[in-house]
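Across the two complexes that follow, chain A remains constant while its partner is chain B and subsequently chain C.
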Partner chain A sequence: MNEIKQQSVAYYPGCALEGSGHAYDRSTRAVAEALGLGLVEVENWNCCGAMEVKNIDPKLQTYLSSRVMSIAKEEMGFDQVMAPCNGCYHNLKKAEYDLANDEESVEVTERLSEKAGHATYKAGGIETIHALDWIKNTIGEDGLSKRIKKSLKDVKIANYYGCMYTRPRHIFPEKDQGPGSESTSQPHFMDDLLAAAGADIVDYPLKTACCGGAHTLSDSDTSTKLVVNLLRAAEAVGADVIATECPTCHSGLEMHQVRAEKVHDIKTDVKIVYFTQLLGLALGLSPRKVGLHENISDSLGFFKQKGLA
Partner chain B sequence: MPIHEKQLIRPENLVTHDELVIDGVDVSGHWSTFIESRVVTDYNEDMETEIAALPGGEHIHRCWQCGSCTNACTVNALNERFNPRFWIYLIRTGMEEELLRDKDIIWQCVSCNKCTYACPRDVNPEGVMKATSHWLELKGHTEKSPSMHFDEEFAAQVFKTGKIEEGRIIRGFFKRTNQALMQDWLVEMVKRLVRHLPVKLLFMMGMANLARPKTRGWGGAEAAVNEYVAEREASNRKALGLDKEPTT
Partner chain C sequence: MTPLDIIESRIAELAECPDASLAAGSLLKLGEETLEHWVSARGYVPTVAEKEGFRLLALHRQGAKDIPSFNACRETCRELAYHYNLITMASDHPDTKQRLRLASLVANHLYLFVRGKMEESELGDFCCSSKPIHGEPGQETGNEQRGI
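Here is the complex of A and B:
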C-alpha cells in the first residue's frame, strides 16, 4: 500500500470531467493505467469555484479550493494533487498563493473550514500539478517514446493551452525557471509529450490565446469570434488536430465550431482532441477506451484513415 | 483642465465649417476642424474608493496608465471601445458620466488575465473590470449582466451541493435570462454529441440530471459559506453607501 501511494497522486477530476469533459476523465484514467501510474480520486471533493465563484467573492474560491487540498493532504496523506482541468489546476494554485501571501485569505479559510468541520489547509501542505506535469515528470519524453505502439507521425497537431495554465504568472512560481521548466509565454509540455509520441507538431501562434470560455453562453458572439480565430489560425498553419488540455477550452472550441457553422455559416474542419486521447491512441488504446466517441468534434474517421483507430 | 485623453473627445464635439474665413485666411473644410470645449463639473470623488472596496478593485490606485492592459486585452482586439486603461483613468479621476457611456460593455471582460500578466504595477485589471461591473450593477446604472446571472446560477449550485451539474446550470441560466433552450446551434451540438454515445452513458447522463450530484459531508460547508456570502454582500453595499446604518 505504501509503495503504491508513493507512485500515486491524489486525482482531482472536478465537475467538468463528470459532465461535458467526461472524455478527458476517461482518457486520463486509461493513460494512467497504460503507463502504470496510480491515481487515487480525492474523496468527497467539491467544486473549486471555476471561473464564476470568484466573481461573487474571490476568498470563497480560495476556501473551496483549499477544502480539496485539505482532504488530499490531511485525510488522505498525499503530497501531490493532480488536476487535468485548467480551471481546477489554476484555482488550487491561486489558493496556494493567496494562503501563503494574504492574511485575510488565511483568516477566511480558517473560519470557514472550522465551521464546515474539516482541517484547515495550510500553505505548503501539498503540491498541485497539472496532468501535463504529471506525465512529463514521472514518465518523461524518453519513457513515453519507449512505450509508443502506434506513432502519431502523420498527424499535424496544434497545441492549445488556453489562459488558466499560465496566467497570471505569479501563481506558478515553478514556471519560467530556465531549461526543463514550463514557460508561461511559450508553454511546451504538451508539445514535448506529443512530439515524443511521434506527432508532427506545427508552430501554433495562438497557443495561449483566449477561447472566451468564461462567457461561452453569456456572451456567445464574443466566444464564437474568439474560437473562429483559433480554429482558422490552426488550419492556416496546417494542423489536422487541435490538442487540448482543458475541458472548458475543449468544449468551448467544440460548441463554437458548431455555432459558427450554424449561426454564421463559417465551416472549419480541424479536429478537437484531448492530449490524453492522443497519447492513449499512441499507446495502442482503442478509440472507445479513450472516449473519442464522447467528443462532439468527430475525429474517428480521421484517425482510422491514419491507421490509429 | 487640458484634455490629454483622446477618448474624451466625443465625435459630436468635433466641428468643421465648410466655409470659414478668419482674419482673411480661408480655413474652409478640415482646416477649420476644432473640438468644442465642454466643462466637466460633476466629478464623483467617491468612485475610486468605492470600486477599490469591492473584491478585485483593491489595487486600482497603483495604476500609472502605461496601457499594457489594453494592449494585451483579448476583448479590445474585437472592440476598440473596450479599453481597461481608459476606464481606470476615468474611475481614478472621478469622471462618472464618461464611464457610464461604456457601462454596457465593461462586463464583457473574459477573464483571460492577459492584462494581469502584462501589468507592471500589479493592478489586477481583470479584478478591476469585475469590481467595476459589480459597482455599476449595485449602483443601479445597469441591469444584472448575463455574465452575473451565470455566475449567480453557478455559485448557488456550488454553495448548495458542493458541485455543479452542467445541464442544470444551462437550463437555470437560460431561464434567468429568458432565452429559449432550443436554439438551433445547441440542438445541432447535442445531435452531434449523442451520435456515437452508447445507451448506457446517455442513461447515466440522464440520471445525473435527475439525481443532483452532491459532495458528501457538504452540509457544514454550505452553512458556513452562506453565512459568509451574506456578510460580504452587506459589507459591499455598506462600502457603496447603499445601506446607511440606522442612526440611533
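Here is the complex of A and C:
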C-alpha cells in the first residue's frame, strides 16, 4: 500500500447516485474499500444544481456547487473533492471557473453563503476530481494490476466517456497538459485503468460522441437513434461491454437500448456496465457487492460465463 | 446539396461498398453536406476552406461559431477524417472492410446529431456548452465571452 499517495478523499456522490445511478455509488464505495482508499462523504451535501437549476438560474447553480466545495474544504479540511457523476463533476468545475472569472458569480455566491450561514467558497480552495482521476492518481495502473484477482482478459470493452467529462474544454484546465494528463479529445483514463485490470480495450471511435444527454426524455426518438448508433459502433468494434463513468450516459444507454428493441425492433446485445463495477469484479468482489443486479442491462450471465461472477 | 433523408440512406449503403477508398471519399463528402445543411440553415454560405487538409473540419468550425454546443460533434468529425485517412492511405490493409463500416457509423452519428440539432436546437446545450437552456443573454457562462 506504500504507493497509495492519498488515503482519503471527500466524496460527493450527488443525487443521481442515490437514485438511478445507485449501482455506481455502490461499486465506487466497494472499490474504495477493496483498494484501501477512504471515502469521506461530504456532510449535508446538496444538489450541484444539475440541469434543473442551471437551466433557470446558472448563478444559483454556481452557488449550490460552491456550497459542496465550501463544506469539503472549510468544514472537513479536504484539498480534493471527488465526484463520480459527470454532471456533478462538470458543475463543480464550472462553478470553480465562474468563481475565478465572473465577478457577478462571486457576488451572488457571497450573498447566498452569508444568508445560508456557511463560509463562502473561494476559487482555488479545493480541487474537484473525477473517480477516474482518483483511482489513477492514488493507486495508478501498476498498483491496480498488482491487486487484480480476476483478470478481465477475456472481456472486450469499449469505453464511453460522454460529453460532460471533457466539454467545454475551458473548465478543465488540468487536462491536455501533455503526458500523464487526461485528453479532452481522446480521453484515456478509463482505458488505462481497465487495461490494467486485464481488459481487452477496443478502439471505439465514438467515445465522446453525443448520446442525446439531457434530451433523453424530452426528445426520445433523437436520443434513441444516437444511442443505437453508439451501441452498433461498439458491437462493430467487437465490444462485449460498454464501460461508463456517468450515471446520465449509463441510464440513457440502458433505457434507449430497451426502447430501441421495443419501439423500433432494433436489438443490440452489448452490455452496459459502470467502470467501477468492472474494476470491482476484477478485484474479486461479488456481482451483488458492485450492484450488477441494479443495472437494467443484464450482464450477470455474461460475467459468469467469463468466470468473473 | 443532397437532401438529408437521402444522406442517411446513402451512408448506410456505403458501408458495404466494395471499393473502400471510393466509399470513404463519398462518406467524407456526405459529412460535408450534412454540415452544409447546418451552416445554410443558420443563414451562412458554407465555407470552401479547409482546416488540417479537410473541408469537413473547416465546416465544423464554421458551424460551431457562436454555438459552442455544436462542439458535441467536433470529435465525430475528426474521427471521420481519421477513418478516411486510414482507408485511403492503406486501402489494401486487412482491416479496411471493418474500417469502412466504422467510418459509416461515424458519418451516421454526425448526421444524427446534426439532424437532431436542426429539430431540437438545444441539443448539447446543457452538457457540451454548459449553457443554460432557458438563460437570459446576460447569463452565459463564459463560452460566449471567449468566443468558443
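Keep this in mind: the second predicted complex is superposed on the first by the 303 of 309 C-alpha atoms of A that agree within 3 Å, B and C clash if a C-alpha of one lies under 4 Å from a C-alpha of the other, contacts with A are read in each partner's own complex, and residues count from 1 in each chain.
Convention: a contact is a pair of C-beta atoms (placed from the backbone, for glycine too) under 8 Å apart; a residue touches a chain by one contact, two chains touch by 3 or more.
All values reported here derive from a predicted model rather than from experimental measurement.
With chain A as the common reference for superposition, the partners chain B and chain C occupy clashing space.
In the superposed model, A:L112 makes contact with chain B only, not with chain C. Contacts of A:H293 after superposition on the shared chain: chain B is touched, whereas chain C is not. Once chain A of one complex is fitted onto chain A of the other, the partner contacts of A:K225 extend to both chain B and chain C. Number of chain A residues touched is higher for B, counting chain B against chain C.
Of the two partner chains placed around the shared chain by superposition, chain B and chain C are both touched by A:P168. Once chain A of one complex is fitted onto chain A of the other, the partner contacts of A:G19 are limited to chain B, with no touch recorded for chain C. Of the two partner chains, chain C is the only one touched by A:V237; chain B is not. In the superposed model, A:D102 makes contact with chain C only, not with chain B.
Of 79-87, 151-159, 187-195 or 205-213, the chain B stretch that intrudes into chain C once chain A is superposed is 79-87 (criterion: clashing C-alpha atoms).
Comparing the two interfaces of chain A, the one with chain B and the one with chain C have residues 51, 54-59, 163-164, 167-169, 209-210, 212-215, 218-219, 222, 225-226 in common.
Remark: chain A residues 51, 54-59, 90, 94, 97-98, 101-102, 162-164, 167-171, 185-186, 205-210, 212-215, 218-219, 222, 225-226, 229-230, 232-233, 236-237 touch chain C in the complex. Considering their complex, residues 15-16, 18-20, 22, 44-47, 49-60, 63-64, 67, 108, 111-112, 115-118, 163-164, 166-169, 184, 209-210, 212-215, 217-219, 222, 225-226, 254-255, 258-259, 261-263, 293-294, 296, 298, 300 of chain A touch chain B. Note for the complex: chain C touches chain A at residues 68, 71-76, 78-79, 82-83, 98, 101-102, 105-106, 108-109, 112-113, 115-116, 119-120, 122-130, 132-135, 139, 141-143, 146, 148. Taken in their complex, chain B has these residues touching chain A: 55-56, 74-75, 78, 108, 110-114, 116-117, 127, 130, 134, 145-152, 154-155, 158, 162-167, 170, 173-174, 177, 184-185, 188-189, 192-193, 195-198, 201, 205, 208, 213, 215-218, 220-221, 223-225, 227-229, 232.
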